[in-house]
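Two complexes follow with chain A in common, the first pairing it with chain B and the second with chain C.
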Partner chain A sequence: MTATMTKAKAPKASARDRRGAPRAARRRGPSAYAVLVALIALAGIMLIPFLVVVANALKTPEEYAANGPLAPPEGFNLDGVRDFWERVDFGHVLLNSVLISGSVAVLAVLLSVLNAYALGIGRIRGRMWVLVLLLMANTLPQEALVYPLYYLSKQLGLYDTRLSVIIVFTVVQSAFGTYLLSSVMSAFPRPLLEAARIDGANRWQVLWRVVVPVVRPTLSVLLVFFFVWTWNEFLIPLVFLISNENQTVSVALGVLQGQRLMDATMSSAAALLGLLPTVLFFLVFQRTLSRGLTAGAIK
Partner chain B sequence: MTTRDGGAGRPRAGLRSRERLAYLPYLVPGVLLFTAVIGVPFLMNLGTSFTEWSGVGSPRWVGLDNYRELAEDAEFWASFRHNVLVIVGMAIVPTAVGLVLASVLTDVIDRRFGPRTAAALRACVYLPQVLPVVITGVVWSWLLAPENGAVNELLDAVGLGSLAHDWLGDPATALWSVLGVMVWMQIGFPLVVFMSGLQRVDPSLYEAAEIDGAAWARRFWHVTVPQIRPEIFVVLLWTTIAALKAFPQIFVLTKGGPGGATNVPSYYSYVSFFEKTDVGYGSAIATVLTLIIIALTVVFLRVQGRDLGEER
Partner chain C sequence: MFKTGRSAALLAALAAGSLVLAACGGDGDGDGGGSGGKELRLWHYETPDSAMGQAWAEAIKEFEAAHPGVKVKFEEKGFEQIQKTAPMVLNSKDAPDVMEYNKGNATAGLLSKQGLLQDLTPEATKRGWDKLVKPSVQVTAKYDAKGTMGGDRWFGVPNYAEYLQVYYNKDLFEKHGVKIPTTFAELTAAMDAFVAKGVTPMTNAGAEYMAHQFVYQLALDRANRPWVDAFQRYTTKADLKDAAWTYGATTFADWVKKGYVAKNSVSLKAEDAGVAFMQGKFPMMFSGSWWFGRVAKQAKFQWETSTWPGAKMTLGSGGNLWVVPKGSKNKQLAYDFIDITMKKKAQDALANAGGVPVAADPAAVTEPKTKKLIADFDAMAGSDGLAYYPDWPVAGFYDVWVSQVQKLMNGTAPGEVLGNVQKAYDSGLPK
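Coming up: the complex of A and B.
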């Protein structure tokens, strides 16, 4: 119990420390610089494939054939990108992905919070088994669900709709959220809950005014994970979204890749357009997250 | 966890359980959606695994025939052995490396070079995680291509041209190449989860340890690892399960080839469904995979429950 108390107080203490004694304790020995250099090298290795993609997306097919994949592009040629954009009506496909992933991220976080409140804070009887059961949503291989889901969605008239994919992935993603949040909430300081209850707050108010603000950093991490995971899903969207107007980025690219109609420069143009939105989203999230964390700590 | 409620709280036991029941309504939406989207389809799949069915017409009941066939299927067992290696590439290596990286970034980089440097480095390592698997497949099968592939050209450029290779096309290297791509893809996930966990840790703990003269390795084992133990469990379980469902990675990189050298059960079930249209057999493979995953999850949660219970 004492362990959880110190844990919960830690963020406040750290914020105070960082403001109070800012950079005084910093010592940069040679070993610290060695670590920094090693990490920068690792970061470089992680980034090289991205650079190769960008470089080749800007080449003409002739240039690629003549100079190979490693040469830097001679000019700024967006023909490959434009060709690909027009061929798959990429703007529309992008909108579908944003709509589906965004809806799933918000709905799945909401569902995770409700589930985790009952399991982690409520500690209802048999919570371990409920948790294991809910976890199956994300742990089951989707191959074991895709045939029956296909069949059922046809019966319900939901086949080839974006709504069907949103519903499926809200449930699938919320399993991880429930697991992580239950684990975090079970370490929630009980006296804080009891104090709120004594002050006359009901369970619903305790959830939104006491519990959610404290676990907010975890929620923003979950929001990002859910968005990205749904964006990247392939098998179920491929089976469910057969008409062009409903396709997601992954499905459109997968279909095109399967047809083997793309040359090397168009492949990299496709890869560039496919990864740009998620990279952009991620860069934005980086800032929101660090801001969110500080805001939470000062309160 | 349960031991705490035992002796001391006995007189209030009735109140306790009523108190707990009041939280049940919060579980209703989750349970209803789960039943419709996961429960019912799963049982339907289980039913299909006892039948012979091509996807059209009515399935024919064959009892355990599919499972008997599976037990003698050498291709199925080979795919299983490959999956053990995939667990190393997608779960064990990324978790271990992610733990060390998270600790170094928090303990050394953040404190010596500032949080901005740490965040930037974290972003670079996490970046492959945001890539859709389909895109990763497009990128890497092209980087690893035998003719004109960037990896071979790079080896050539640094004078190691003799190592140039058909990385994904040679049965001897295909699986290892896939594992390498998987480590590249996967490593950012443990890193981000561990670093967000380390935000909870009071920096004065590290400072105290440092003043006491504890070297980095000691701080790693005695401060970092114990503090984020819940996250380590979550990540290890999650990545292991992901490794058992490595279908998209295999699909886009090798299609299980060459000659089944990178086949895994999840891909094998897909082939049975859509290429061999042997839906019953595919369902049986998917069911076996499911049972393994359920067993693994139960074991993990038990160990975790006991571990966290002891701490309290």
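Coming up: the complex of A and C.
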């Protein structure tokens, strides 16, 4: 897998690097340019909705009503953004989201590693069924989970606390993480494990000194995914974080959807604010992501 | 392979963060409980610049002035959040002391049946709310033991009202030499005149409430109060294929054919339709008073409103309700707050901001358009002309109406459409 990936990446990467430069120059024909143009056009099309959001975020409501959603903004009006920021105390909301998503990402990866170690490397009995169960739990719609979780959290006195959402999502995300990591770990090179054993490492040391360092690229990708997924969650935070001081970004955006009317310009401004952190996060962790979900194993 | 230092630090930081957070969670839990009559927790979902938002912000100030030492802790909520979570919130110890909630059988009625709402009947008589609110507006505030509106006990108090009216773009009427209609025959004539000039007369949104509200209004033109009570309050069995409904559906289908409403509006949202009207693309919009403030602020042409030409009954009702959850810890303060919003000062503020107050003093309203808005409502409510909304009677009816009227616009026979609506109605009726 890794081998094929490196091969596939080589021509692209080599355009600017020392070893492959002459070879790449030879290969770049008219078809390569055609592909480039097509890709740029595609990227442009993908960016259109984003541009519409930006344009509407910068309009005044009067401009929106007069010219409609597709017209370019007449000026640079940041009132929508500022009003929304103040209305929902966005800084606080952002902090909530970061705390919740961050904790979930870390805890869920930790839980997944421990589970997957038992299932993939420990090969406990009935691991097939555990995995099938986890996969089934993964396909359950959240709407079905909401009521049982609500009663549980109320019994435990955790209703309307950020902790309840962290626990729920740690479990939900680690179900997927366990499934994925188990299959990665079941393909783990046995000789490595045996070598560690012969050197006298116990199970705990094998996990932290041998297994985790090798599957670390996969773990960091999972971390990023869990963060982004949890960030975008709507229904469970909506139900569990009822007071405004516990709200997350996606729930705060919902405040703008009125019963019959919507404020299109402010919604766009809010969407922009809600989107920026994830974009930023992607840019920071872009390299991790491009390494692919199943990267790893012996180098 | 051993460059783990940095990421380990990151992990540790995040883990530490989560621990701090857990501690926060514990704290937040603690101070939810003992507010000891020093705090009124208030939730509503009106935007700050809407008429209700403005009037209620005033009411909060007035309440705090009248109750020294009591703080109002207001949280602005999203409509959807309240809709989805109200039963769960009210059933927990985190319920607010007073909140805005949707009127109707499937919402406030259901909660009252589940015992989650405080019975406000004694307060309503003691404080005179039953005198302030007109009987036809009271219907949505009072529920019976089954949770059906029009009952005998107050479970909420409406402080504003809403109804449907026609918005006219006077500039377009003048430009095309058409007279603003006052009777139904004139309305049809005016629409013919516009079609002849190549202008689509009515803005419409098939993917949302606008389209089926036309059908209901047209049916209402041939209906009477017992018909409405049968349909909305199950007093007798409602026949959705009777003469009135058939007239409504057939006429609307006819309107689509004649081009009174655009055929391609079948997939539009109400927001699109409203914005198109405010851009001056359509001479008329038939929609609710909830657009009034926005049209006033954003339309750049001369306009006016009136009730549906020639209508004895139209769509409308009391607005959303103030409800007091059973679990509220400061019920007296909640009643006091509701009382303040019902007083003349708050009601006048509501009227002047472009809302329709339930207990208005028309003399206090200065702006002529708003005056007409309130006078029209008072006339309609006074003559028992509020017929509520077609999607109210059974749960999930809204989606049925939208999809069936879309079919109607696309050419399905009115009889078949009404048959499907009847099926959904019959299967959804409370047993």
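By our rule, the second predicted complex is superposed on the first by the 249 of 299 C-alpha atoms of A that agree within 3 Å, B and C clash if a C-alpha of one lies under 4 Å from a C-alpha of the other, contacts with A are read in each partner's own complex, and residues count from 1 in each chain.
Rule of thumb we're sticking to: a residue touches a chain if its C-beta (ideal position, glycine included) is under 8 Å from a C-beta of that chain, and two chains touch if they have at least 3 such contacts.
Quantities reported herein were computed from a predicted structural model and do not represent experimental measurements.
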{"item": "Partner chain in contact with A:36 - chain B first, chain C second, else both or neither", "value": "first"}
{"item": "Which of chain B and chain C A:163 touches, first, second, both or neither", "value": "second"}
{"item": "Touching partner for A:182 - first (chain B), second (chain C), both, neither", "value": "neither"}
{"item": "Which superposed partner A:173 touches (first chain B, second chain C, both, neither)", "value": "neither"}
{"item": "First, second, both or neither for A:254, with chain B first and chain C second", "value": "both"}
{"item": "When both partners are placed on the shared chain, which of chain B and chain C touches more of chain A", "value": "B"}
{"item": "Which of chain B and chain C A:123 touches, first, second, both or neither", "value": "first"}
{"item": "First, second, both or neither for A:213, with chain B first and chain C second", "value": "second"}
{"item": "Partner chain in contact with A:66 - chain B first, chain C second, else both or neither", "value": "second"}
{"item": "Chain B versus chain C as contact partner of A:230, first or second or both or neither", "value": "neither"}
{"item": "Doubly contacted chain A residues - partners chain C and chain B", "value": "68-69, 235, 254, 257, 264"}
{"item": "Of all residues in chain B, those that touch chain A in their complex", "value": "1, 17, 20-24, 26-27, 29-31, 33-34, 37-38, 40-42, 44-45, 48, 55, 101, 104-105, 108-109, 111-115, 117, 119-121, 123-135, 137-140, 142-143, 148-150, 153-154, 157, 184, 187, 192-193, 196, 199-204, 207, 227, 230, 233-234, 238, 241, 244-245, 247-248, 251-252, 266, 269-270, 273, 279, 282-283, 285-287, 289-290, 293-294, 297-298, 301, 305, 308, 311-312"}
{"item": "Contact set on chain A toward chain C in their complex", "value": "61-62, 64-69, 87-88, 99-100, 102-103, 105-107, 150, 154, 157-164, 166, 213, 216, 220, 235, 238-239, 242-246, 251, 254-264"}
{"item": "Residue ranges of chain A touching chain B (in the complex, touch as defined)", "value": "1, 3-4, 6-7, 9-11, 13-14, 17-18, 23, 25-28, 32, 35-36, 39-40, 42-44, 46-47, 49-50, 52-53, 68-70, 111, 114-115, 117-119, 121-125, 128, 130-149, 151-152, 167-168, 170-172, 174, 176, 178-180, 183-184, 186-187, 203, 207, 217-218, 221, 228, 231-232, 234-235, 249-250, 253-254, 257, 264, 267-268, 270-271, 274-275, 278-279, 281-283, 286, 290, 293"}
{"item": "Complex contacts: residues of chain C adjacent to chain A", "value": "1-2, 4, 7, 11, 14-15, 17-18, 21-22, 24-26, 28-29, 32, 45-48, 50, 75-81, 84-85, 88-89, 91-92, 94, 102, 209, 270-271, 274-276, 278-279, 288, 290-291, 294, 297-300, 320"}
